[in-house]
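Each in structure tokens, the structures are laid out below.
Both complexes below contain chain A, partnered by chain B and then by chain C.
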Partner chain A sequence: MVKYATMPVIETRNLTYTYPEAAKASIVDVSIRIEKGEFVLITGPSGCGKTTLCRCFNGLIPHFYHGTLEGEITVAGLNVKEHPTYEMAKYVGLVFQNPENQLFALSVEKDVAFGLENLGVPRDEIRSRVDWAMKITGIYELRERAPYELSGGQQQRVAIASVLAMKPDVIVLDEPTSFLDPLGAKKIFEVIHRLNRELGITIVLVEHRLDLTVKYADHIIIMQDGKVILEGDPHKILDSEDMRLIGVGIPKVTRLYQLLKADGVKFHGKVPLSPEEMAEKVRRILKTHD
Partner chain B sequence: MSMFDGLKYRRVFSPIHNLDPRVKFTYACIIFIVAILFWEFIPLLVLFVIQVPFVILARVRREWLRSMKGAAFLASVIFTVNFAVSFINSGYMITFVALEYALAMTFRFLVLVESFSIFFLTTSPDHLGLALEQTRVPYEFCFAFTTAVRFVPVLAEEAQTIMDAQKARGLELEKGNFLRRIRNYIPILIPLIVSAIRRSLELAEAMESRAWGVSKKRTNLYELKLHGSDYVLLTVTVVLLVAAIYVRLYLPVPRLAEIFDYFAH
Partner chain C sequence: MIEVQDLHFTYPSGVEALKGISLKIEDGEFVAIMGENGAGKTTLVKHFNGLLKPTKGRVIVNGIETTKVSVATLARKVGFVFQNPDHQLFAETVEEEISFALRNFGFSPSVIEKRVTWALNLLGLMQYRKTSPFMLSGGERKRVALASVLAWDPEILILDEPTIGQDYQQKENLRQFIMQLRTQGKTVLVVTHDVEFVAECNPRVLLMRGGKLIADGAARKVLTDPEILAQSSIVPPQITQLFIELSSLGFPSDIIDLYEARETLLKAFGAAAK
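For the complex of A and B:
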């Protein structure tokens, strides 16, 4: 069998980083490989280094934060250590936790245009790309509003549109919904899911609410104390025994499945990640009992 | 209430709002120059009155009145001081010259406030930033300007939140003498400053992530273009300037004393 050597979008080898003046490294020996078009979920307890890892993806580490970065990191074929953040920005879009502090302009469309203006893209093309990005993220009607007039969820969609307009290969979102209400959060996840499925953009999502997100993921990375401790197919990872020990919130349906299985209920196939998958399994069992 | 209320922009749609900010700014500056050309009361009064239609056309009458009311106090100070000085200089006599001079100085100030408040009341900060950019002011400066405007309401809200939180913990702002009251504000200022610094770091990070700092020439989503109405205002402004210079150089400007004499006989 021929295995095609696909080009990973993000690849790190033994990546270790220490913030300036910090006593210990915030990420340690991280080696991961993210393929093109994947939906990757990064999770782990607070302070385990998720944000720090995201900052490495577009070169904020080491160019903005300095400190000592060891190991190798390649993103979109570029060695991050040699390319400043403004160059990486064409390939990697970063969306941050606090929606308020990543919008600077006085109107939505001006904000979405910001990156393209910096890159010196011609006006006509900025216009069409900005409109396109605003439509996909569902903020076209808000284009003339000021960011402070918007809800957190709307602001976060503006932030997504503003990186989307740059047509990056990868969009990295660091807990984009932690300031939002559940409904706003759900909308954000749906937008992200669309970007992944319809446009083939690689998504790296940092999130601790697995309940809402794991069903979208192709690949899950679990971190603890700066290290990657589990990684792979979410169906396999969530079924493993170690999961419960780490204190990562397993989706409730998955937990229910595990409890029933421990009681001797015989399920078929993979561990369920969403209520729909669980319902399907229960249906099948009920059918065989008829 | 203050005369700076006249500088706060409120979103309305009017023919004046749609004018090019650069043209409006030129207009305000030229009005100022014309006001300096005259030290007689009549032309300054005319200059004041001919701007009123602009205010009405721009539908900002209420805001404009508020800023003129705010300016009234300073205007009366200017009047009193100028009048008193000429009163003393002329040997403690009330003369038309003294009255004219004091009135002229006062109206020069009012004309200035009037024209610039029209400018600020009808120009959105966005437009202003854009005008700065397109007059080749360094982009960093324009960016600082629009970001400051963008974050004023955010910081104001935050200050209010911190104030409420500290009051809930028993901080009494209005207690004690003057120095004591200033000291009372420290528990509000420190969290506010810390949070502003944190905020600016996050902003810097987000800017970097959106390709801030590429040395290539920046482009802009919007372009300011002069339209028909801009040329009209520009023409009016230039005509006004030329006429004012002509009047100043070749025509006698009526003085209060002369008008009074004319009616007295």
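For the complex of A and C:
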């Protein structure tokens, strides 16, 4: 595991939040610690509080969504409760679950440039970062189009590009590829993985589809009913046949491994999280019998 | 039956989204439409309930050309769930949202009550009956959109990206429900990027690219065909990826099903041990 420092970039203590007029809290007593440079995957059933937690990381909660926030939260060294969202935006970028809620400019290019202009980045720098972000997300050809006249997946690419262009310390992505075609999704995950490894950008990724993502993660957080119920190293978590994993979409090859193990097949080493890791295990078994 | 004859469609902005599509979907078929972003999938299915009208060519649904009837008339037969639930939801409560179409179609209050309860149960939304759809999570909102269409039991169901935001359990419920619809002879069309979901359902797959249809066949064929995969933006399902990795050892690479994978490997391990 690559670690760039031992300082947490996100830390919450007993964080509990209730939306205005809601009958119950949407996140309950959440205490987590995310180190600088980690790639963290958050998953759990629909409605368990993943988006709500993301909204705390960039200050949308409590500055935009009021309600009641109890407990402590520090992000990039700042107490989120005391710093407005425009200040948090210098350090934390959030890709929204619904891309449409993030797009507002008249052209793709203007949308991607918007955040950088707000930060007062020099013109040339904006130009090169915007071009870079549009190219790696595959929307360079669409740069003059209006965001509301794009397909769902094209819009989602714009939303991702506008956050990547900022290169903030922490990038939070809330199901960022739900509208993307499979190859597009794969490429985006590779890009954020590279930003994580090469630039040390901390990645917090919310995803239901672990088959696409778990192989990149250093740390996985599983939530249920607003609480964190399991947390730690992905290989360890997915190796446990914990009842609490039921309902979590564990990767198909991991499931295959578990079925074969139950059939009495003896495997060596860690639980596989990707087809490559599983293929290696199969080869090894066939070889030992040669 | 849905029949599409040389369909072309150009948006007012000048984007040519469909460039000559012809196809037939029989009653009771389960079809998944897949393909790269911007391929024209949403544009195509919006023609099936008359939301869009062809620039050229014809779309015939149950014998009626879509240009000859209103969207309202078609709606009774063709249920459509939008890619983005926010384009669909408007009511003050989840219950209101689901009842709305039922009331419009003239169902009696007691039937409406039954259907609403049934749909809320099916999609795990019972606790939100009196809640505003705008106070729900992304996945929950998508399920409200699904519920509001499933409730009126249309003959043809079009679901644009139904698995977005859904956890494994919800997807499994949806899959079982679709399978059940098939036994009732309903036609189900899903537009989706979710290859694992398609692998589990094994429907007929239509693959689109650049406004055209580039493949049409069983999921097992389309999702494992190297030539097709190379020209589309599809990444094969994990099980297939595994067998592609293992193909040099003589394994077949056209496996998409978890249980078939298990049998195949058990056999190979058994043979090797002897």
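We take it that the second predicted complex is superposed on the first by the 257 of 290 C-alpha atoms of A that agree within 3 Å, B and C clash if a C-alpha of one lies under 4 Å from a C-alpha of the other, contacts with A are read in each partner's own complex, and residues count from 1 in each chain.
One rule holds for everything that comes next: contacts are C-beta pairs under 8 Å (C-beta built on N, C-alpha and C of every residue); 3 or more make two chains touch, one makes a residue touch a chain.
It should be emphasised that the depicted structure is a prediction, and the values quoted were computed from it without experimental measurement.
Residue contacts after overlaying the shared chain place A:Pro45 against chain C, while chain B stays out of touching range. Touched residues of chain A, counted separately for chain B and chain C, are more numerous for C.
When the two complexes are overlaid on their common chain A, residue A:Gln154 makes contact with chain C while staying clear of chain B. By the touch criterion stated above, A:Val130 is placed in contact with chain B alone, chain C being left untouched.
Contact with chain C, but none with chain B, is seen for A:Glu276 once the two complexes are overlaid on the shared chain. By the touch criterion defined above, A:Ala113 reaches chain B but does not reach chain C. When both complexes are overlaid on chain A, the residue A:Leu183 reaches chain C alone and has no touch with chain B.
Legend: residue contacts after superposition of the two complexes on their common chain; A:Asn98 is shown touching both chain B and chain C. In the superposition on chain A, chain A positions 98, 100, 146 are in contact with chain B in one complex as well as with chain C in the other.
Those residues of chain B that touch chain A in the complex are listed here as 124-126, 129, 143, 146-147, 149-150, 153-154, 199, 202-214, 216-223.
Looking at the complex, you find that chain A touches chain C at residues 19, 21-22, 44-47, 50-51, 97-98, 100, 146, 149-154, 157, 175, 178-186, 208-209, 211, 246-253, 255-256, 259-260, 263, 265, 274-276, 278-279, 282-283, 285-286, 289-290. Across the complex, chain C meets chain A through its residues 11, 13, 15, 34-39, 42, 83-84, 86, 135-140, 143, 161, 164-171, 193-196, 199, 233-235, 237-239, 241-242, 244-246, 249, 258, 261-262, 265-266, 268-269, 272-273. For chain A in complex with chain B, the touching residues are 55, 58, 60, 63-64, 84-87, 89-90, 93-94, 96, 98, 100-107, 109-110, 113-123, 126-127, 130, 146-148, 162-163, 166.
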